[in-house]
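Letters A, B, C and D name the chains as they come in the text, with residue numbers starting at 1 for each one.
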Amino acid sequence: MDTSPSPLNGNDAGHLSGPHAEPLTAEQLRELYSLMVAVRHLDTSAIAWQRQGLIPGYAPELGQEAAQVGSGYAVDTTRDFVFPTYREMGVARAMGVDMVAYMSTHKATWHGGLYNPIESRLAPIQAVVGGSVLHAVGWAHGQTLDQADGVAMTYFGDGASSQGDIHEAMNFAAVMKAPVVFFVQNNGWAISVPTERQVAGGSVAARAAGYGMPALRIDGNDVVAVAEATRRAFAHARAGNGPVLIEAMTYRRGPHSTSDDPGRYRSLNEERDDAGEDPLERFRKQLLADGIADDAFFAEALAAAKAEEDDIRAGIQALGSRPGTEMFDLVFQETTPALQAQAASWREESEHV
Amino acid sequence: MDTSPSPLNGNDAGHLSGPHAEPLTAEQLRELYSLMVAVRHLDTSAIAWQRQGLIPGYAPELGQEAAQVGSGYAVDTTRDFVFPTYREMGVARAMGVDMVAYMSTHKATWHGGLYNPIESRLAPIQAVVGGSVLHAVGWAHGQTLDQADGVAMTYFGDGASSQGDIHEAMNFAAVMKAPVVFFVQNNGWAISVPTERQVAGGSVAARAAGYGMPALRIDGNDVVAVAEATRRAFAHARAGNGPVLIEAMTYRRGPHSTSDDPGRYRSLNEERDDAGEDPLERFRKQLLADGIADDAFFAEALAAAKAEEDDIRAGIQALGSRPGTEMFDLVFQETTPALQAQAASWREESEHV
Amino acid sequence: MSNATLESGAAMAEGTARRGVEQLSMQQALNRALDEVLAANPKALVFGEDCGRLGGVFRITDGLQAKHGTGRVFDTPLAESGILGMSVGLAMAGFHPIPEVQFDGFAYPAVNQIVCQIARMNYRSRGTMPMPITLRVPSFGGIRAPEHHGESLEALFAHVPGLKVVSPSNPHEAYHLLKYAATRPDPVIFMEPKSRYWQKGEVDFDSPDPAGSPTGGSPTGAKVMRAGRHLTLVAWGAMVARCLQVAELAAEDGIDIEVLDLRWLKPIDEATLAASVRKTRRAVVVHEAPLTSGLGAEVAQLITQACFDTLKAPVERITGFDVPYPSGDLEDEYIPNIDRILFGIQRVLEYKRG
Amino acid sequence: MSNATLESGAAMAEGTARRGVEQLSMQQALNRALDEVLAANPKALVFGEDCGRLGGVFRITDGLQAKHGTGRVFDTPLAESGILGMSVGLAMAGFHPIPEVQFDGFAYPAVNQIVCQIARMNYRSRGTMPMPITLRVPSFGGIRAPEHHGESLEALFAHVPGLKVVSPSNPHEAYHLLKYAATRPDPVIFMEPKSRYWQKGEVDFDSPDPAGSPTGGSPTGAKVMRAGRHLTLVAWGAMVARCLQVAELAAEDGIDIEVLDLRWLKPIDEATLAASVRKTRRAVVVHEAPLTSGLGAEVAQLITQACFDTLKAPVERITGFDVPYPSGDLEDEYIPNIDRILFGIQRVLEYKRG
């Protein structure tokens, strides 16, 4: 796989414009590595938490750390806004979202997560496949109307690409020239269905040309390539050139979720052959080879990741259930008499008062 | 505009395969002309019928006769199946559907039309934009499962191309290699919205490449080009090569429907400039120039069209309302006690018995 | 919503200057309300299929693009899920979207965005991302239209937690309810009775409560449109006018009918409903939607719960049948007509415990 | 449907050979039913997201692809409207599609195809294009799942003319109702109570009517699961088991409760409902869906209409609240629990006029 981001379209639109960003500094590369280690460690820990009964379920992102950290790192949280699926823990972490609040969704504390999406610049966790992609288009069009310079980035998978909403979103964005980055993580699978029986033509990026939209199909396991492609896409959209699609080719190395059993649809041999090199290990080797980081740095990063995980686990353990009144109080901005009556009878009957 | 059908895709899939059909004979060309005149005459008559109060409304297809007659003519009604929208009168006529039964929908006699869709090989008239495109995919996949050789052709407009279902249909069809011809009439308008504010990238055909599907973008006002492109697409799909998309570039010369007022969104000058030459007049000139037909033939064709319209009008005039019991009897194959009770009370109260 | 009677809609928004009374069609009244909402709130946006240049197929948005600009009033591509999904994002960005779906039946492709996103985003985001979206849906039947152009989706919408649903019955209600709905911080489905678009009526701009209304009206809650003693007819949308006609006819036979315009289909004003039926002791609910699992069941059950002791007969429902909305003339058989409503009234009045 | 009691489902289909009784989970019973339907009808097809190789996320279709081939049992791309729209075309071509949507909440993207196409094609085509589509929807809550994985859509479906809706409450019902539904010529929404998938129970393959059932059962209509004299509890899906528990508890206090499994949510078996409440004179309806405009309103109103004279108290509804389905522990507060049902029963039993 070619590691440099390459425009897929032969047409004019295929060339991204907008100011070119400086290459990543050594400091930034190390930061990317630290983020990836933190994410990897939290991700594998979360599976252990689930086995230990601390959380009821989890959707691992093992193997997608480069795609998630690299793209999340490119977000300018002072003006951009991100729309995740249910699997973007690495994006949230790279954006600096409170991770106890984020992981609370996996403790089944609150569906959308407990973080404040407005302050975090990260929309609530979204369980409908493809559900939020149109939201990004609306938010981005709002930037145009407000003459502001924020860009919306929306994540979706190879499976989600089959949903009608994805098409409507791309068409709306391209018609309105909305500043949107469509970030596709093509991780090879939608639960048990491989990309080749999901994505006709084989590439989500190839769809972009049909909307006159530029697309980049990149090596999603190369964190630097991902970060740079995402920055280019942001610059292009921010400069008023309309939407861009990035298809990051990666691999879901783990199960779909902690209740999935991948052995039913793929063999360990297939996993090994298709997954390619581990993005974290690969980045480590590259940093070493380039003399940007050494074993001491890697050890330190891992230690920091472990300490971070300890804190997050403690935070998750400390999370109690949400009070039942929230069920009623958070439905509307202006509540209704019927809802108040239901809340009252619930209180009476549940609390036996 | 180039009048020859040209594959749009640079990729392999761009070349249609399947046996080549013989060129159209002089007899067939005259038949096409007669059909176009019949359709033109019925279409303009229907507008008059609406003004006279014979029918409550109508969706004219003025200007789309070549696209409709040419494509409908290519259908093999012994094995293929066609899925129309609300504007395919010309297709129905070219396929030999009973025109009183077809036009009954515009008398508001029965929403789907009174013709038998199974026998006519034409699905009921469809008012949901894009609503039946997936049906064609399912029907076509049924052919694959049955190892039969029928092809499904589904019609939709430039406006409908924005619907999510269209994307899902193309992706399903291409993933399953279903024998479907997606026939797009790009008539420049979706009610008041022109194609350039509807179809990002400007071409529905250009979307096909993203699914690895061949597409033809053709002059939809050239009936011969349309018929030949459609035959090629059928041959390709019938030979097991999967779906094909045809985008027939044409122009809606009339209002969207008899209740529309195009003066609110386009000027007569714009209409004249954008519509191009009348497809019927153009074909007439061509037949004359090629010595295939003469004025006597044209006069005869028109006389036949008028006679036909007389019969259809008489048939429509004679159509009474459907009996109210049909409301209840046609809901299910196996009715329910609740529905029978409602039918009984309706009978009692409406017929005052 | 509960305290909202305090702010009496238009009159407050426009200050205290009296603006008087005009004869308008419902189409004009809705157009006026949108115009004023756009003028008052720079974050309000009006969009949908053919809403811009054409002014909508029913001309409800006529002239608004010319006046407020193509940024505020615009055409979208032909995709209802896209329109509603985009509305979510615009709301997140601080706008007040007022989208239109062209006809009731074309709300179905957007149900996923309406139910799973619009209705739940305030909840999911713990109140940080309100969804002030006013979805206009030209609704109900009665205009001999093609298939899917005569649907009544109120039961579907009313069942969805997080949505509010309202339907005006005349130009005055249309003006005030739309102005009210389009300034709320919660999503409201605004169901316009398309068969009434061209009917004229008096609009009192100064107060949601028309002069001479039997109850103190407000843009929230139900409204008694005609006081009566013998039976309560409950209706909404286009059926209110029909029920008023029925009441006139019944009056000739000495039957004194109270007509209640439910207005808000969610939340339902149980108090006004109960007060009316406690007085009349008999009720008939009328709607165009199919009978089974229609909103009439909810209304009937609320009445029965509240008035079980006083009810003289079970609440009767006169509704559309459990059949797809029919074509042409059959429309008159499907939509509750005067005869069927009168039969229902008769059954209730003649009910004997047995 | 009305005459369908004549053919008693499985027993007929399999001839007269006795097949006996087995202990199965609902997952196994459904899997068995699908296997037999596929074997008996070469035009039957099973498909959906992950239905093939994986056997479905709940393993309902486990092993079916291996046994019946990839043509008969297959995975689709991830698009629910696509799945249902394709089903329409397959039905037109003479197949009997048995599609699955992976979870209740993901039926919403397919609502347009379900409501405007599947439910109406038989009508639109004047009976020439029947839609024998059996849509399996893993439904209702109770498994601490992510958002949109615990929805109850029965009120929406029951309101749609042209659809039939059924929900099994135990493995025996699951086996017989699915075999019955999947051999009907009309579209049936088959709502599987996912929280009951792993509960075992006795399946009598020879007759839809389990040995010892108080009523002569059949795959149509409602079924009395426990006879009682003081009050009728009406429920469906997972709530039936809960109501049976409640009845046991109430029995300790000398309260004799009849539990009615509604089974068919459209058409509703009014006769059995009325017969039960005429006897007990009191009724409580229990469902997981939100209260307002839920199917409980329809059931309550049908009871009230039929039993107005004998009812001792208004029918009570114990339901989910008008809030989005909540996360985690709050699920136990939202779904009607034993306490809330007992409170409701108490209110009805203690109701005094006046």
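In this section, a contact is a pair of C-beta atoms (placed from the backbone, for glycine too) under 8 Å apart; a residue touches a chain by one contact, two chains touch by 3 or more.
Bear in mind the structure is a predicted one, so any value in this text is a computation, not a measurement.
Among the other chains, the CA centroid farthest from that of subunit C is the one of A.
Between B-D and B-C, more C-beta contact pairs join the chains of B-D.
Separating the centre of subunit C from that of subunit D, both taken as means of CA atoms, is a distance of 32 Å. Centre-to-centre separation between subunit A and subunit B, using Cα means, comes to 43 Å. Once the centre of each chain is set as its mean CA position, subunit B and subunit D turn out to be 40 Å apart. Subunit B and subunit C have Cα centroids lying 37 Å from one another.
Multi-chain contact residues of subunit A (touching two or more other chains): 110-112, 128, 162-165, 168, 171, 175, 197-199, 326, 331, 338-339.
Counting partners per residue, subunit D has 77, 79, 81-82, 105, 109, 112, 116, 123-124, 147-148, 161-162, 266, 268, 292, 321-324 as the residues that reach two or more other chains. Of all the residues in subunit B, the ones that touch subunit C in their complex are 56-57, 86, 105, 107-112, 127-129, 159-160, 162-165, 190-193, 197-199, 259-260, 264-265, 321-322, 324, 326-328, 331, 338-339, 342-343, 346, 349-350, 352. Across the complex, subunit C meets subunit B through its residues 49-50, 52-55, 57, 75, 77-79, 81-82, 105-106, 109, 144, 146-149, 291-292, 321-324, 326-330, 333-334, 339-340, 343.
On the side of subunit D, the complex with subunit B involves touching residues 1-2, 4, 45, 71, 76-77, 79, 81-82, 84-95, 97, 112-113, 116-117, 121-130, 161-162, 164, 184-186, 266-268, 270-271.
Here subunit C touches subunit D in the complex through residues 81, 105, 108-109, 111-112, 115-116, 119-120, 123-124, 147-148, 155-156, 158-162, 266, 268, 289-290, 292-298, 300-301, 304-305, 308-309, 313-315, 317, 321-324, 353-354, going by the rule given at the top. The touching residues of subunit B, counted against subunit A in their complex, run 10, 162-168, 170-171, 173-175, 197-203, 206-213.
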